[in-house]
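Written below as structure tokens is the structure these notes are about.
A, B, C and D label the chains in the order they appear, each numbered from 1.
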Amino acid sequence: MDKQYIIRGVQRSSFRKFIAWMIPWAGLLIFGVYAIYLCLAKGLNQTNMDNRFAFGVWIFLDLTVIALGAGAFFTGFLLYILKKKELHAVINSAVVIGFICYSGAVGVLMVDVGQPLRAWFTFWHPNVHSMLTEVTFCITCYLTVLAIEYVPVILKNRKLREIPSMLVFEHELHKLVFVLAAVGTFLSFFHQGSLGGLYGVLRGRPFAFREGIAIWPSTFFLFILSAAAVGPSFILLTTWLVSKISKKRLVKKNVLMLLGKISGALLIVYVLLKTIDTLVWINSTSPAVGFPAYEFYSRKPFGTWILFTEIVVFGLLPALVLLSGRMRAHVGLLVTAAAFACTGVALNRFVMTIQTLALPTLPFDPFLSYMPSWQEVGAFLAVIAYGVLVYSLSFRYLVLFPQERELSNG
Amino acid sequence: MTAQKNSRYGMVIDLDACTGCGACMVACAVENNIPPAPESANERTGITWMRVYKVLNGKSFPDTQAVFVPMMCQQCEHHTPCISVCPQKAVELDEESGIVAQIPVRCLGCRYCMTACPYHARYFNWWDPVWPKGMEQTLNPDVAPRMRGVVEKCNFCHGRLQAAKAKAAAEGRIEIRPEEYQPACSDACPTNAIVFGDLNDEQSEVSRMAHQKDSFRLLETLGSEPKVYFQSERPWVHHIAEQDFASPEKETVHG
Amino acid sequence: MFPWVYGFTWDAGSIVFLGAFFTVLAVLVATLMKATLRAVNDVKLERTECIRWKSDFHDLPAAAKKCRHEFTGEFAHRTCDNNFDCRDCATHAKLMSEHPLVVPENAEDVVYGFTMPLDRMYHRGHTWVRREEDGSFTIGLDDFASRLIGVPEQIELPPAGTRLRVNGTAWNVKKQGAAVRILSPVEGEVIEAGDPQRGWFLRVKPLEEKPNLRNLLRGAEIRPWMLREMERFQGLLATEGAGIALADGGVPVNDFSKAYPRADWDTVMGEMLLEP
Amino acid sequence: MDKISRRALLKFAGGSVVGFLFSPMPWKLLDDTAKWSQNWSWIPKPPQGAITIKYNTCTLCQAGCGVRVRCVGDRPVALTGVHDHPISFGAMCPAGIVGHHLPYHPARVTQPLKLTEHAGSVDQYPLQPDELMNDLAKVIGEAHSSGTSVVFVDGQPNRYVSQLYRQLIDSLPNGIYAVSPHGDAVSAALQTMSERPSGMLGYDLEHARTIINFRAPLMDGWGTPGRIGQIIKQQKKVGVSERLKIIHVETRYSRAAAMSDEWIPVNPGADVFFALGLAHVIVREKLYASAVRKTADFDDAGISFVKFVREFSPDVVAPVTGISADKITRTTRELARHTPAVVVGGTMSDEEAMVLAQLNLLLGSVGKTGGVVARRSLPEIMTDRRERSAAKTIAQIPDGSVHLLIVDESAAAAIPWQILEKKLASEKSVVVSIASHLVGQTKCANYVVPSPTYLESLRDVHSPEGSVFASLSVSSPLIKVPAGVIEPASFLQKLAAAAGVPASPSISSPEDLLKKHVDALYRSRRGHVFVYANKETVDISKIESSEQLWKLLVDGGVWIDTSAEPAQRLLFFGHRKENYARMKTFIEERKQSAGKRTGGFPLALMPFRACGDVGEISPLMTKLYQESGLRAMSNRAMINPGTGAMFNLIDGAPAIVSTQKGKMKVDVRFDESVMPSVLFVSAGPDKACFNHSTAAKEENILLLCECDTDSLHCATPANIQKA
């Protein structure tokens, strides 16, 4: 019944089936929105965060989705600036994923702050020395960029492009999309870095504190690199996932392999630098401020295994798989490696946010634990449900994978 | 008018004299209009600008010993961890007094400063400030209550400094007399364990005590130059404060 | 943020940071403004149809974008890079001068049972153009398109006086819920609307005395083109699961969609009539 | 008219949005968000007004700290200590600092209430004062006919106003005035040991070199907070070798133990054996003061202290107390070497207190500088002999004899409910609580008579616990009493009237009573007055009239005696022959009970509470109890981590404590300082004491304990399991 809105030449499930798919996600979204409402109306006492665990699962979510959403900027950069034409096959999907990740993150941040009505204070009285200022500015700007990039994708909808003004606007905007890609790259570079800097500058948290170059701690660069590394992996993963769920061939295998290769190449550099950084931190930075690093790993459950898992299992291992042409050619391995890479970065963000806060600083501090409340989990799920809904709608009514039509028509 | 010499207000807390009675904590709450806790608040969500921790020596019965450690904002002077992180200049280091000031009306409630503070001296208003009916009659007229969703912390009873300065100005004096400005906690301490004053003033007791052999600061190695000093004659207290991780003792805390 | 806002300082950090921010902001605004102004200009200059075709052409699958010279065997593989507008295509001009088209002897050609009269020129979107004696052009659907569309539920013909552009929309057709636009083969002004009974749909007065018709297929090109089109058609039907095969030599049915209702005619019509 | 097309509508909407953005409106709205979020209507605005300073004396406990009251308009907004105050030295306890919140406490009672309890919650029915009086008169009538008594329990009997209460109660048929255990048991024991009746005794801690303290909360509410603070401060100024040494004897590592130089963790209930062990060593090694030998019953043929302590050699008491024989011997020698040494005790039974008093006598600290000193009594104006005789303690009231029990607030807070309950004659007996707040055990009463709270009434405060010199100060009302609140004296007067007793008290009101006493004091020409406002000390001879003295006291001043009473001769067992036998029996009983474990209850449960942990406290005390772990609320249990692990408990998780009397849910905290196999549970304030729902009946660990009047130090066999 919505056939005239669906792009020609591709097969989509029946409207009934589509609704059946959307309803549970919409339900989840409604639940999450209720949780968010509670947090906004009654205050953050609805969460299990506290004065000691001032950041919780939301910040972890923000950092992770923004890292994963880096696929948008990095694919755009590769396609429009470095002219990797193959990536045209996934750029639209990347933009939508980026938009979802960033808007979700900004949405959750708005709930996370105690006084959302004052969000604009950061713009009005910016403290330019704060990493969070940089993050706030860059994320809002980049979300705007993503929204602008999303516009042509939406305007390509079959019904919308029948309207002449939409058609020409899309056409003209699309011609300038390289500017947006360049701006997006610039902004992403800084805010991905600043998100890392967010923790790296915490002098009072020796577990997170890092030395660096000029005003930027090493985590600044590591975050950029890790985000750039897993961005393509996440695009690969989502493309594969969407392909499995919709039972369609969406892109040619060479595109997935290219994404994997790029991811692998960056990941190996990241793993190398992360290892160096960790060694420097263990042997120099941390002891210099009076905290021997082994002390951090003496607290259950965060032993050294977490370091090993992050760097080797979810870092080095997927990097090697992605770099090997033979293994990359095997879709199962390719996808698993991409999933590992994404998990690795999520774990890194978890370590930076949650473990940092769990560890004591004062000599008589206890090790702290924190378990999110259902309201926090609800808001978290709302972002996921929102993402699935937006992506599902986009996938059904917009052209996310230009190659799909060709592939489905043999 | 001659240029006023900048002060560096600080404290020396004699841990051997602190009985852990908590008078400083309630005096602070009264002075700064900190509301009583709502029913579901706990040790990690309450607001105690001043908090007395009971720290054990880590030995088990019967060798256990305890020290009470009053903790508040340590007023870091160098690389103040909370100032540089605030995205909107809601935290400032007052040049004239050396006090790290939190401006609640400009605070967004992002709590980044709380994660930055190694002393856990910053508190978030998880609830709306509510006093039992009628009790708002007892609020201190010099301090505005804060709203839900903002961060607050000890400011060495900045309101009292302002009042003292206003009084001095009214009397035609440029500088205030040391006894005119005491924060509520040092004022309330029954054993005078909290000594407050200007560290820049070499005549002051606080600067004399700060330079004594058994004075130390917590987390000195972080290099944030806090202006709150502690004193104890007990070696184990120093041992814990210096965070000698090589020691087999594991400390526990109640507070 | 601004020098007049409380708390602003003129330090290097602020200048660099806010400078970068305002630059980004300016670039974004400029980009949006530029796109908007250009779009307004496009609408004003009536470039909409042109843009629509460009955009459509861009989205067409490679199989639908074969150069006409591939049909004639001059290239093994060539995808058109000029939006099927051979009027200003240098390659086309060069090839045409090298190998002028052979004038066919027969009056019509029959390909897979589709009658293609050779007294007229064909557009890649399955329309034909015939020069009438009065100098006007009549535009109609070729046999394939007629059978593809069959009896449409609705035909929206442009009123007299409408300006048509090459590869722009000539008219719109609705059939079984699928809406399809028919591409105009020529440039001109509509002077009369026809209907299927009259054999043509539009009569158009060209804008120039001698309009450039090099974009249209003619003569010996028709057969190889139609053969390729049939290949495409069959391929489409196969993937659509209709399971129909075009019998050699047999006369096709008059209305495909009626005959094979299971096929996704929206996709098929869109693909065949060059509207992705 | 044309039909509005969708296109036009869209254009209109789009245009509106763009137009709105370019108008000043959004910026204005944005700007306003800053104002809104700073000035929400529900954020209270501190009332402004002229700031004045008044002076007063704290009446929340017996300490009588001087208070400087900062007022805005007429309302007190901050209470701080009065510097240079001779008793409180400018210090205040946390409860005193926030005392001005009490009038606004959510649990405040401002009209008579009838309480009924069902399903764990307490229903309140407001009454008119007349209804209340009629109900109570009926009860008194019935009590009279059945011969059972009407008992009034006074929690703070050493105030002058208590005399008024006593006079009124005594006038009722079968009326008995009783007092709750209060004050210093050791001092009371010393009184019974003296030859002639004497006033209470104080401790000259300032001049002592050794203090051995049996669980008195020395740094936690004993005496005045300022006095101890002063001693600690002075000690820091002298060389380590000359310093006062404080030895603390208590099972729990209390705050006082933490602040002492040495903690002696005796087994639950074994303090008395440790004391006897000390006495044994002193006698055996002849470390006692030489004068002691001259005491009649030191080593008499009949009653002999030497014989009494003979069996308690360190080797004998070591296993009972958990303290090694060597340690006992060394401690004793240290005590004897570093004299003056003084023995101080907390709330305890009379017999235990007597042992500590005997220790004082042995060490020769009675009547000596740096020892135990008798303070002079204040002049009395009640000439009636009966009124001057000792009031009955609650323990002396026979069980099952009381028909109408009237408890005042502090008595209700101090005495465990099951002790009071035992005294009631029948199910129909009525309990009336005179209280300002509906918290704690007040909820167990049948009727509540609303009384004025701190800063609302005229009250007198006498010499704080342990003070060497007698003192008197008066607290004058600063806050208007809410309508409906009844002054206890006036309630008792009305009660007497309702019971048909002709009103004939010679004193009509507390003010009248206090003025008469102040007049007597003035005429005694003793002591001097410290005036808070100007921090001057005025000798009584410089005061022109008793009215002026009254004014000085009411406006903020304290009268202090300038000398103590001369030393008296004491006997180890006093003059009452039965004391010796009583002590013997007590010791035998203790021997039997010490270390006794009942099957299924492997732990020793000991309740604990600190000063200020009972009764109404300001909601702001959540800072200490709820928002930090500095003090323990009523459901906090402390256990040794090893013991906790044995019982599969988790630190910070809830658990169920059970004794033979019932069960209670507690919140477990592991604490290294806790003696293994001992479970400490706070008998501190309930959540309801702060600001939360007042309907629920409060659970208190004391209800699970086997207790006498000294409920806090009896170990009850108990069990604990994960909730």
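Just so it is clear, a contact is a pair of C-beta atoms (placed from the backbone, for glycine too) under 8 Å apart; a residue touches a chain by one contact, two chains touch by 3 or more.
The shown structure was predicted, so the numbers you read here are calculated from the model rather than taken from an experiment.
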Checklist entry - More contacting C-beta pairs: A-C or B-D? => result B-D
Item to check | Chain closest to the middle, measuring from C-alpha centroids that were averaged per chain | outcome: B
Checklist outcome for this item: So, in whole Å, the Cα centroid of chain C is separated from that of chain D by 96
Item to check | Separation of chain B from chain C, taking each centre as the mean of its C-alpha atoms, in whole Å | outcome: 76
Item to check | Distance between chain centroids, defined by C-alpha means - chain B, chain D (Å) | outcome: 30
Next on the checklist: I'd like to verify one number: the distance from the centre of chain A to the centre of chain C, where each centre is the average of its C-alpha atoms, in whole angstrom.
Outcome noted: 40
Checklist outcome for this item: Multi-partner residues in chain D (2 or more other chains touched) are 34, 37
Item to check | Shared-contact residues (touching 2 or more other chains) in chain A | outcome: 115, 118, 121, 124-126, 129, 133
Item to check | Multi-chain contact sites of chain B, meaning residues that touch two or more partners | outcome: 41-42, 45-46, 53, 89, 128, 147, 149, 252
Checklist outcome for this item: The residues of chain D that touch chain A in their complex are 30, 33-34, 36-37
Checklist outcome for this item: Note: in the complex, chain A contacts chain B through residues 43-45, 49-55, 112-115, 118-119, 121-122, 124-127, 129-133, 136, 198, 201-206, 288-292, 295, 356-357, 361-366
Checklist entry - Quick one: in the complex, what on chain B touches chain D? => result 14, 16-17, 19-23, 25-27, 29-31, 33-34, 36-37, 39, 41-43, 45-48, 51-54, 56, 58-62, 64-68, 105, 128-147, 149, 187-192, 252, 254-255
Checklist entry - Hey, which residues of chain C end up touching chain A in the complex? => result 1, 5-7, 13-14, 16-18, 21, 24-25, 27-28, 31-32, 34-36, 38-39, 42-43, 47-48, 51-52, 54-55, 59, 61-63, 177-179, 235-236, 238-239, 264, 266-267, 270-271, 275-276
Checklist outcome for this item: So, in the complex, the side of chain A touching chain D is made of residues 115, 117-118, 120-121
